[in-house]
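The next part holds the structures, each set out as structure tokens.
Across the two complexes that follow, chain A remains constant while its partner is chain B and subsequently chain C.
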Partner chain A sequence: MIKNTSLSVNDSKGEGLVWKLDLQRTLYKHGTLIFFVLLLLLNAFITPNFVSYGTLRNLLLQVFPIMLVSLGMMLVISSEGIDISVGAIMSISASVTVKLFSLEFGLIPSIMAGLAAGCLCGLFNGIMIARFKIQPIVITLILMIAGRGLAQIILGELSLSFYYTSLADLGSFKLGGLIPVQMIIMLAVILVIGFFVKTTVFARHVEAVGDNCRASKLSGVNIPLIIIGVYVLCGVLSGLAGIMEAARINSINAASLGLMVELDVIAAVAIGGTPFTGGKPRVMGTVLGALIVQLVTIIVNMNNIQFHYSLVIKAIIIVLALYLQKEQA
Partner chain B sequence: MDLEIKKGEIFGLAGLLGSGRTEFAKIAFGDEIPDAGGLEVNGKPVIFKQPRDAIQAGLAFCSEDRKSEGLIPNMSVVDNITLVILPELKKRGIISKKAQRKIAEAYIEKLGIKTPSPHQRVKNLSGGNQQKVLLARWLCKHPKLIILDEPTRGIDVGAKSEIEILIQDLTTQGISILMISSEMEELIRSCDRMAVLRDGVKAGELVGKEISEKRIMEFIAGENAATGAGI
Partner chain C sequence: MKKPEFKAISAQILKFSQSNGTLCALIVLGLIASLSFPAFFTPLNLSNIVKQQSMIGLVAIGMTFVILSGGIDLSVGSIVAVSAVISAMLSGQFILLPIVIPIIVGVFIGLANGLLITKLKISPFIATLAMMLGARGLAFIITKGETIRSETITQAFIQISRGYVWIFPYFGIIFLLFLIGASILLYSTSFGRRVYAIGGNEEASRMMGLNVDRGKMIVYAISGGLSGAAGVLLTSRLGSGQPHAAGGWELSAIAAVVIGGTLLTGGVGKMSGTLWGVLILGVISNMINMLGTLEYWYANFATGIILLIVIMLQARVSNQQVV
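Entry: the complex of A and B
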């Protein structure tokens, strides 16, 4: 009889353990999604007017720059790098586009030039890191600071407006009078990056370099090409985000466009589960991460909490996400 | 230093730690730049600026340090096996997952790699199976010469003999092997010819029946042996 009791105790213990492991795995696997849903549910109760079309529209519209830059940053972080110059690149690209546009170079050439500027910034970061072996955080910090100055030099002044022009029209264009252009671009970029990460040799090599750079080199991976490639992609996406942001608000302030976007973007990638020690890029995770970060900003605004609290909240979220990443590894 | 490796033979490199065996291998593979001297493949002089060039010329290199110079720990067995030939597996720029899996499964079976699934992260495998994954990575590239630096270090006895048999097997396919090892018995068992290194230079070369522990030790000890004997 005693034997029986002890047996049954053992059994229930075992089951409990299995259940716990299962729950842990589910939490790790879908943690970002669960967090996103919880955040939505919580705010449906505590935030006034949260459940409305307006909130959804704001979320999807305002998340645009964070989303684009996060997907670029995801690739950089996947290669075991970091790019904190993304905000400055946004400003540089937008300055080039707005300046050329104001000099009547035409809409398309101006935007192309702006994107080329983003590409060049990424090329600069990438070459400095891959060829001259400068730490990513150092070289991108330099561009982060110098880039703001450069943007103002290019623009020739601190800010410039362009109301009622074709560039301003582009920023508020709605497909069928309903779907904002930002949402279309955002969806296209997510799909393209998602496809790119899943199917290309380049993306697989990014993951390999991030996970073990030395072994990748000895297996014939072209390390400089991969490193330069990810920073260029990140630069172009940042440039596109900057140009569209300027277009949306019909003006540019070179000193403030994209300011502090680094924090949001790094938070989005961390929440998304891409390992900061390099490795598998998580596209859907990053998408959700960007939505969560923007949601936090919106919630803070809607509850009349002062802006600086949102910075602290985001910092806490980053630390928490990184801690969970470590636990998982 | 002057070495010549023929098709389908196992050439051993013996010597003490720090005698320049690994350095030689890394120079031959284009990972380190030599101060002087050159390499020839099939009688034609070649210059390897980076491992990529050496791979293109038909060389392969399994490092003695599996963990830091071999495995991509968090990637799957499939991805690790196909890392080198990945660019050859794309159709219109897209990796063919089917081809990737097919090749990986063929080598998992051929080399008897024990893994719960081809999609298992390679860091979860045992040492012997990890080494086999690295061998598979190079074999599917069909190299002419494989450099094996301490191929059985840190591997249990069963897997050790399996890997030795595997290496013998490769030579019948016409693949040449340059084997570096600190275990003399291993070299004596496997090698057709071997060189003994001392202080970064070749102290001597042994062929076939000459290969014995005694002769290797003589070369390793070199002139010091004479003075040593005096004491």
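Entry: the complex of A and C
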């Protein structure tokens, strides 16, 4: 398409250039996908037992919290913000749910309350950023520090188990005895967010705010509403991730649930190609980014390499992804 | 006649407390602590607070430089771990080795941060986040994931953490010396002014012909080096090198700097504020320890709330400045 419209140079040198540009564009545009496929192919050869249903199931099950939070974080980053309190929000929401559940409030009300707690955390972040003009990194840092303490205060103890209850059943529920509930929720969230980003005015406004805050203000975008909305969405998604994660492992440790998840999530968004200076949110990129991050963890485990190497590998991938982003810009 | 005078005095007090808010907060907190806990204002307890906080204090000094220059350094905790581990490995050697080499390693990691930020143009937050992962991984790789027991640790090296000059622990003196050095560097050298200029307006400093990139490199190298020094102190105190040590120190250091009144937008702040911020954090966790009935996580919660109050006040001040 580009060949036909942009440049119509006749000599061979020009054509070579166009072809090169085309290749470069393809590489940039689908870089994440290519990287993902390469990673899969490479491991199909070097990692024993990699090509199996078990690996696929593990990948899709374990990527669940990272995926959900990444999609929320993607919108936040697209609005030129950052939210490093997501791990703490996961812990708070899960604590609220588990605590209420253990007090016999019933499954659905407990989960609703947990999601509401996530929503409130996001609201707190959003209002502080939009109304009081506090930098996103500062206010979410505060929630990151205080939130985990708050989660432990809510829970009243460090950890709580709930084996053989309806909440635990929910965590291991499989549709038709085959498809885990996490995969269904994940797919639904991806579709909804994808649809949301593609079609709604709100998502356009998020991008506009991230691209140029002043210009979008002058053109009448309700900036506080957009910013608060983005953080609330991120909070709710983090809350859902936290609740389901606690349900899956049948217990909660408020100090460790979702610990350091913000790193994986920011890595996923960075790999996915959403610009950290604000701008276009890339849903598919973020989905692949989350899969890549989790894949690195799994591969390191499966090859019996010490866990610590995965930290180094992730660090290198983040730097590489951002460097390529910069090149592209 | 009386009324205006009183007004003038109260205005003066108000002005002092506004410009030295953190010190006032520390004094109030100290008073509350001494009144509620008889054991608080004793030499032993105070020197314990100083010992605990001087390690975070070193990190916070470096963080002050970084934040003043408009950046942030999330990798400090991991750098502390790397240097602590290296220090533990060398602890049987001649006393200079376990002190100097970890600091040099810290400086190099800091320089790597600086390179990522200035040459690859990755934002400080992300670059140091990557380094936080990378350096932590490095610490684990060096030790193969285990704690390094320094069985051959020299007495001289242990003495750093146990020694006193009269009632002042060496740790506190080391911290104070670094603080004085950092203040001189910040207030009376061209480098210090460059840091403020870069943080105030990077584009303008570049146009004025300041070497912004080199300034930033040095700032991150300082942060890395001071984190390395903190790692040395940590090893001297623990007598072992733990790869998972100092997790979350970056948060404490940033909190201390912010409580100290340094704006995270860069360009505005004082080194003395960081000292008060570090001590406030120490007094809070000490008070919560003394309560005994409260679990440690209340300390996090309290720190968060105090941070929130400071930030809200800061936001008011800086918004006023803008208007």
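Note that the second predicted complex is superposed on the first by the 313 of 329 C-alpha atoms of A that agree within 3 Å, B and C clash if a C-alpha of one lies under 4 Å from a C-alpha of the other, contacts with A are read in each partner's own complex, and residues count from 1 in each chain.
As a working rule, a residue touches a chain if its C-beta (ideal position, glycine included) is under 8 Å from a C-beta of that chain, and two chains touch if they have at least 3 such contacts.
The shown structure was predicted, so the numbers you read here are calculated from the model rather than taken from an experiment.
K.L.:
With the two complexes overlaid on their shared chain, look at chain A and say whether chain B and chain C clash or fit.
P.N.:
fit
K.L.:
Looking at chain A, does chain B or chain C touch a larger number of its residues?
P.N.:
Comparing touch counts on chain A for chain B and chain C gives C.
K.L.:
Examine A:211 and indicate which partner it touches, taking first as chain B and second as chain C; both and neither are also allowed.
P.N.:
first
K.L.:
Which of the two partners, first being chain B and second being chain C, lies in contact with A:220: first, second, both, or neither?
P.N.:
In the superposition, A:220 contacts chain B only.
K.L.:
Considering only touches as defined above, state whether A:309 meets chain B (first), chain C (second), both or neither.
P.N.:
A:309 sits against chain C, while chain B stays out of touch.
K.L.:
Once both structures are overlaid, what angle do chain B and chain C make about chain A, taking C-alpha centres and a multiple of 10 degrees?
P.N.:
About 90 degrees between chain B and chain C, seen from chain A.
K.L.:
Just chain B (first), just chain C (second), both, or neither: which does A:263 touch?
P.N.:
second
K.L.:
Using the touch definition from the top, say if A:199 reaches chain B (first), chain C (second), both or neither.
P.N.:
A:199 sits against chain B, while chain C stays out of touch.
K.L.:
Give one of first, second, both or neither to describe whether A:280 is in contact with chain B, with chain C, with both, or with none.
P.N.:
A:280 sits against chain B, while chain C stays out of touch.
K.L.:
Between chain B and chain C, once the two complexes are placed on the common chain, what is the minimum CA to CA distance in Å?
P.N.:
Result, nearest C-alpha distance in the overlay: 10 Å.
K.L.:
For the complex, give me every residue of chain C touching chain A.
P.N.:
72, 116, 120-123, 125-127, 129-134, 136-141, 144-145, 243, 251, 254-255, 258, 264-265, 295, 297-305, 307-308, 311-312, 315, 319
K.L.:
What residues of chain B sit close enough to touch chain A in their complex?
P.N.:
29, 31, 50-52, 55-56, 61, 63, 68-75, 79, 83-84, 86-87, 90, 93-95, 137
K.L.:
For chain A, which residues count as touching chain C in their complex?
P.N.:
Contact set of chain A toward chain C: 82, 132-135, 137-139, 141-150, 152-153, 158, 254-255, 263, 266, 270, 276-277, 306-312, 314-316, 318-319, 322-323, 326.
K.L.:
Chain B touches which residues of chain A in the complex?
P.N.:
Contact set of chain A toward chain B: 199-201, 204-205, 207-208, 211-212, 214-222, 275, 279-280.
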